[in-house]
Amino acid sequence: MFQNNREGLALALPAALFTAILFLLPVGLLLSEAFKIGGQWSLQGYVDFASKPLNQTVFLRTLKLGFLVALTSAIIGYACAFCIVNLDGKNRGRVFGLVVLPLMISPVARTYAWIVILGRTGIVNDAILALGLSDTPIRILFTETAVFLGLLQLFLPLMIISLVSALENLPKDVIPAARVLGASWIQVFTKIILPLTKDGLVMGGTLVFTGSLTAYITPAILGGSKVLMLETLLYQRVNVANDFVSAGIIATILITMSFGANLLLKRIAKARS
Amino acid sequence: MSNAFVSLQKLSLAYGQTVVVPELNLDIREGELIALLGPSGCGKTTTMRAIAGLMTPQSGKIHIGGVDMTHTPANKRGIGLVFQSYALFPHLTAFENVAFGLRLKKMPVSEIKSRVEEGLNTVGLSHLADRKPAEMSGGQQQRLSLARSLVMEPKVLLLDEPLSNLDARLRLDMRTELQRLQRATGITMIFVTHDQAEALALADRIVLMKDGVIEQVGTPDELYNNPASKFAADFFGFENIFAIKGSNIIGSNGSLTANFDAENGHLAWRPSAISVGSGPFQGTVMGVSFAGEQREYVIKTDFGQIKAANPAADPVYEIGTLVAFDLPSKSAWHLPNVGNDS
Amino acid sequence: MTSKWTSRLIIGLTLTFLIGPFFIIIFAGMSAGDFMTFPPDGLSLKWYMKVFTVESFRESFALSLFLAIFGTIAALILGVPAAYAISRYNIPYAETIKTVVAAPIIVPGIIVGLALLRYLVVPLSFTVTLALFMAHTALVLPYAVRVVSSSLNNLRSDMEEAAVLLGCSRIGAFMRVVLPNIQSGVLAAFILGFVTSFNQVPVSLFLSGPGVRTLPIDMLSYMEITYDPSVAALSALLALLSVAIVFLAEKFLGFSRYV
């Protein structure tokens, strides 16, 4: 009954064409602008872009933050997911729901809270002053730390969700079995849990890393112009200087890195299995 | 040909490039109860789907009631199909499931009601009319699926392993019920099974398939007593089949010199035709099992392994005993060499 | 039973980190003073009230709501047939089609906004609202396809065949048998799409014009000018709205399994 593939194609094509023509085509054109300097095809735009120290700093910072956020959320994620999986059914559902919940809330709202926490008159500084750790408020807002915390809060749930479902699919009793055979907890983690959940880790890692690379709100609100990341840099270049070449280059970098992270992590997962 | 109600002519069926049924010819008379029998994966479901119109043949024709229906869409063929997986509608109650097709026919509500009630009654599910399929047992779901097809009064009813998911008891009940229904309604029915006992018990004629090819068509009697090929013989319980050459039996380990009055082909015996205790041949008992009426033996001989059976009341020969047995010529079934026997 | 307490501690700390900040904004919005501080200088609901009187908030809220509702509906209209084709048919180039439809997830929103502005709005004189609508549709489409596909894959295709054999047309079988059985998946896709679209920021950074601004963008620009607690109040309200939607969805659909 479903042999008529023309019929199938007719059902699938509107969605594909819509995205291809009205979405991917304009994006492709924008990316191609980076290769056109004064109407000529050239790589000069890339050379110029790469030679500017600011661009280098921003590029490295973006990579560094993406990597740190992914690493930290993997560590917290494993601990937390392991605890969640060991809860009984009802509590597990509740806690899981609370983990998913923040994903549904406006990132503006989520990031805004950190201003209240980290600002000059925020909770953290109140505590520091009250404890006498410093005489004047220290600046946390508009530092990499603030951006890091904001990103971590934004994307940690994605890692936990991925790891919870990976851990749930762990064959029953492998951990007690390994313990009985004399494995230490570290060995249980490296020899059993990690290999068996690596797909979840890869999935979560990709989501968190690419999410952090391409986040706009968090660096915009918590980093400002002091801690630019690629997205905020792009916005600035276009808004301040109408610099569409840089915009195209940054866009290409972001998309390439997202794709690259995806492929690389998939490759790693395959190689190890 | 002229009195064929369902006629499959040179039917060729494939999934993409994989040909499942190369060329199939089959004529079925009106009101016949046909069993489509064969091992798993031989193309039974595929053939049924083609008859129902759920898949388009590569080539060949399907005539139903004298009309060429090869390209008639499935919803216009007037054929019922009881799926191997029931395919009930989970969001509808038992009543609504059965009423589904009748409602599409724009039948008056009162008539729908009485037909559905009758249908549910026939399969013994009247008391569960308001249940959803998920709240019914496997056997109840299967019967519901049958009722859903029956109320449509199809010209031909196809049943894909209709009894496979029932327990032994219910299976026997449903067997009788199916046969009764078929006699009462006169609907032409084709049912798929890979259980030879079920085919023998139910069908007017059995169609035995292997790898997409019809191996033999005939009445249960014919297939049981006169299997036409080694495959058919094996399928119907001739568990001892030996090639024969110049009146010698060729087993897997060697040959047995004896005087059988066959020149070539195969000789086949059912275990029940070989009794242990006396006879010209010897072997060692490798296994004994009790099977109700009789006791079955696996015996290792110089030329290969044979299966024999004695009445259960006879003395038991323990494993390892050397026993005598006979391969009686008169109960041997002779299979002449035919094309696709291997 | 130390491990039990360790486990509770880990979960507790993580949840505090993830959810605690929302409680802080709820209170920050209750400040009686004119500046954001925490703990707030006295309690009042005046900022919560003020949110409703700000003209631009009302307008941008309406635009965001419009985009979220109609963008998601459009995505479902395109996405449900596509998901159906992908899960039931053996269509040629299925992988390519899947990749194309999923691509908007990988493309950063800010680039999308800029690209549509430069190649649709400016040269082809699309209105900004139309461009926003298309961008939101394309962004929600991957989620719609994914969620609906997973519902369809849980549904055996022989049900449609049974319906056809009972006399349904193909479309009839879809409407009568498939749709009723995937409706919670479709609803979940709608909610996920709605929330994704409503919270979407970067796409509209460049796609905004006089009087055409989505709510998050409006909040960002309000924050640049004023540092009063009304944005905190508005954030808190939006968070509560999301919580309410998710709570209901979880209760009636078991929403979290679709995320």
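Letters are used for the chains, namely A, B and C, taken in the order the chains are written, and counting of residues starts over at 1 for each.
As a working rule, contacts are C-beta pairs under 8 Å (C-beta built on N, C-alpha and C of every residue); 3 or more make two chains touch, one makes a residue touch a chain.
A quick note: this is a predicted structure, and the numbers were derived from the prediction, not measured.
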| item | value |
| --- | --- |
| Contact graph of the chains (line, ring, star, complete, other) | complete |
| Identity of the most central chain, Cα criterion | C |
| Between B-C and A-B, the pair with more C-beta contacts | B-C |
| Chain A and chain C, separation of their C-alpha mean positions in angstrom | 18 |
| Rounded Å distance between chain A and chain B, as computed from the means of their C-alpha atoms | 58 |
| Mean-CA-position distance for chain C and chain B (Å) | 54 |
| Residue list for chain B, restricted to those that touch at least two other chains | 54, 74 |
| Junction residues of chain A, two or more chains touched | 1, 3 |
| Junction residues of chain C - those touching two or more other chains | 90, 161, 164 |
| Contacting residues of chain B [partner chain A, same complex] | 54-56, 74 |
| Residue ranges of chain A in contact with chain C within the complex | 1-5, 7-16, 18-20, 22-27, 29-30, 76, 79-80, 83-84, 86-87, 93, 95-110, 112-117, 119, 121-123, 126, 152-153, 156-157, 160-161, 210, 214, 216-217, 220-221, 231, 234-235, 238, 244, 247, 251, 254-255, 258-259, 262 |
| For the chain A and chain B complex, residues of the former touching the latter | 1, 3 |
| Residue ranges of chain C touching chain A (in the complex, touch as defined) | 7-8, 10-11, 14-15, 17-19, 21-22, 24-25, 28, 35-38, 78-79, 81-82, 84-86, 88-92, 94, 96-97, 100-101, 103-104, 106-112, 114-116, 118-120, 134-135, 137-138, 141, 145, 157, 160-161, 164, 195, 198-199, 201-202, 205-206, 216, 219-220, 223, 231-232, 235-236, 238-239, 242-243, 245-246, 250, 256, 259 |
| List of chain C residues in touch with chain B within their complex | 90, 156, 158-159, 161-169, 172, 176-177, 180-181 |
